[in-house]
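Below, chain A partners chain B and then partners chain C, in two separate complexes.
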Partner chain A sequence: MECVFGLVGNDFAIVVADTSAVHSILVHKSNEDKIMFLDSHKLIAASGEPGDRVQFTEYIQKNVALYQFRNGIPLTTSAAANFTRGELATALRKNPYSVNILLAGYDKETGPSLYYIDYLATLHKLEKGAFGYGSYFSLSMMDRHYHSGMSVEEAIDLVDKCINEIRSRLVVAPPNFIIKIVDKDGAREYAWRQSVADTPAPSA
Partner chain B sequence: MSIFEYNGSALVAMVGKNCFAIASDRRLGVQLQTIATDFKRISKIHDKLFIGLSGLATDAQTLYQRLVFRHKLYQLREERDMKPETFASLVSAILYEKRFGPYFTQPVIAGLGDDDKPFICTMDAIGAKELAKDFVVAGTASESLYGACEAMFKPDMEAEELFETISQALLSSVDRDCLSGWGGHVYVVTPTEVKERILKGRMD
Partner chain C sequence: MARYDRAITVFSPDGHLFQVEYALEAVRKGNAAVGVRGTDNVVLGVEKKSAAKLQDSRSVRKIVNLDNHIALACAGLKADARVLINRARVECQSHRLTVEDPCTVEYITRYIAGLQQKYTQSGGVRPFGLSTLIVGFDPYTGSPSLYQTDPSGTFSAWKANATGRNSNSIREFLEKNFKETSGQETVKLAIRALLEVSC
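Coming up: the complex of A and B.
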């Protein structure tokens, strides 16, 4: 089942998400990217109802882009997080999106940051956070091994520890994970951790 | 389980001699899982007026934003700050607007009024005011807070003794509540200054 987590290191932030598209007991896809680029220096990792997730994150992404076109300057990570919260909070009392979000970004002035926004639109700035069944393991792992000012190597090592724990202790563990990173050079895909590959359809 | 207990909270305000104190815990949880230990539930409206919002964190954030907005409009129109009594009526009115779909939060308002007379007040989620001369409590730890405050409170305390009393009352109360704790946040307000202190408590 869904596992999304992230942490802030020295001058970068990392978010990790599982890549399984599951319906009931069936796995439809094991390479579904649940981490979207909001703009050049922002990552939005989302979990929840698949339809809501895609619709909502795309809506946020397009609005962040629109702001940039209109004003010529990008939103800060904090501004984007507050905008996202606002949209989610308005929707909450009308027709709520069930999406939980980890928003990571890098700003010149403030450096890297990570925001926790749950489907109720509770916003909080964190150093490390997680959603879903994986959170029981990844939060414990990060509480034990996280320290402020981690290097990329240390952080990736911790991420691997978390993934390993999820794979070995969670009954419904997803096979594959994607790791994305954001730092002064922008947001980018860092690595995959795959234990199952999608088999291509045989050619006719 | 009640939606008021979803995130966990402890809030208390006490009256002293020409001063008041307002304190809260620092935990943000989702039921029994702790998300953050640096959450703020108390906010400053102006130098002599504070509001704490217990209950559902998302509604506390939404309501806080609306209150700041309304207070800013008042400042522009009237060219002065709001009196605590007026602000309490504003909060009450805003809450009652949502009579049949309330904000799931119980506010605690504390301020210094004309000639620095302390004012404290709490209300339920639909704005029924409850004024008190001594202390008010709210949140998941409210029952234990009542006991602690009833035992520790003395009338007409000076600022330093008031700080000690409210801190001890808060710390001993949250230790009997699973959903609140992880230290505390205390504001002591006198006519001339605002002292903000962070408490370390049992961090488990």
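Coming up: the complex of A and C.
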């Protein structure tokens, strides 16, 4: 029931992920951050097997950092996406990772970009993409309302439309979402959309 | 004496490892590098020999980053340095991946020194012909550190040190003139130390 979706705007890219960590019928926590900073100008939103998700994305993150130290220059978003896809492909027929990834980045020369990488190592460069059961709803909303060159306000408005659609129509809809944005100033957290906050433990 | 330096796993009768000592000779021929630790900073300086006219001097990197908070300069065989630096960079990221924390300067120094030592106790290999000066800030205490390693694999922390050509004279200068400095004062001390031996 994990929902991950993203879109490319005017000179930024936005990715949204639900924040529930679920095991069978139990919700471990509802503030799990599934969007990792790959480097200063890249975001990796991942969904899938929780162990694989963290292990694989951290592995990619450290290798991207190593490249930067070795070569004195960061990887482009396209290069990082292709590297990620390559790692998934290599592992696919031995010990595959069950991780679906939306990689969003901003390059000075080429602007914002979004890459769809699924667990079978499919790679697509897209303007909008989504994973999970929520994708049925978010893709439809984005198909209807998306246009290229959206401003941040318009994009967030569309993101909220998608989140509301997921909340109202998906049977086990995740309650909380996190939104992160990447633009020329770097990658950062944009906002949370919470309908259920973790209740703090009562003090003694 | 010459009979005891062919295979470096062999000690000479008077307890020398000649290959290691010859490696130190190679270091003594390399460009000078100096490191000075201040109260809130640490400075690395290297002697930049006048390059060949057609050489693009920007492609010659003598001070490199191992991680966001650690840098390294070395004296000796630059080709060996590339190999060692690459291994150290991988180890820095590997440490971050396994323990979710950046490594301390001492950790990576111990790793590099350990690597240099391994090559003094293996068959068919020669030691790395370089000494390194490793600087950085401890990610937990925020205090600056300066370490040195050499081809034998020993390492220690220093307030100020030099390696490479004329390192003895530079070290003498530093011993005479070292005091606790910060900011630009530390930089000036490092530069003055290098100027002592360059023409």
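One rule holds in what follows: the second predicted complex is superposed on the first by the 204 of 204 C-alpha atoms of A that agree within 3 Å, B and C clash if a C-alpha of one lies under 4 Å from a C-alpha of the other, contacts with A are read in each partner's own complex, and residues count from 1 in each chain.
The working rule: a contact is a pair of C-beta atoms (placed from the backbone, for glycine too) under 8 Å apart; a residue touches a chain by one contact, two chains touch by 3 or more.
This one's a predicted model, so the numbers in the text were calculated from it and none came from an experiment.
Of the two partner chains placed by the overlay, only chain B lies in contact with A:S135; chain C stays clear of it. When the shared chain is aligned, no partner comes close enough to touch A:V54: not chain B, not chain C. In the superposed model, A:Y116 makes contact with chain B only, not with chain C. Comparing chain B with chain C, the partner in contact with more residues of chain A is B. In the superposition on chain A, A:N63 makes contact with chain C only, while chain B stays out of contact range.
By the document's definition of touching, neither partner reaches A:A79: not chain B, not chain C.
No residue of chain A touches both chain B in one complex and chain C in the other.
Looking at the complex, you find that chain A touches chain C at residues 58-59, 62-63, 65-66, 69-70, 72. Listed in rising order, the residues of chain B touching chain A in the complex are 7, 28, 30, 33, 35-36, 39, 56-58, 61-62, 101. Interface of chain C with chain A (complex): residues 61, 65-67, 86, 89-90, 92-94, 96-97. Those residues of chain A lying in contact with chain B across their complex are 85, 89, 92-93, 116, 118, 120-124, 126, 129, 135-136, 139.
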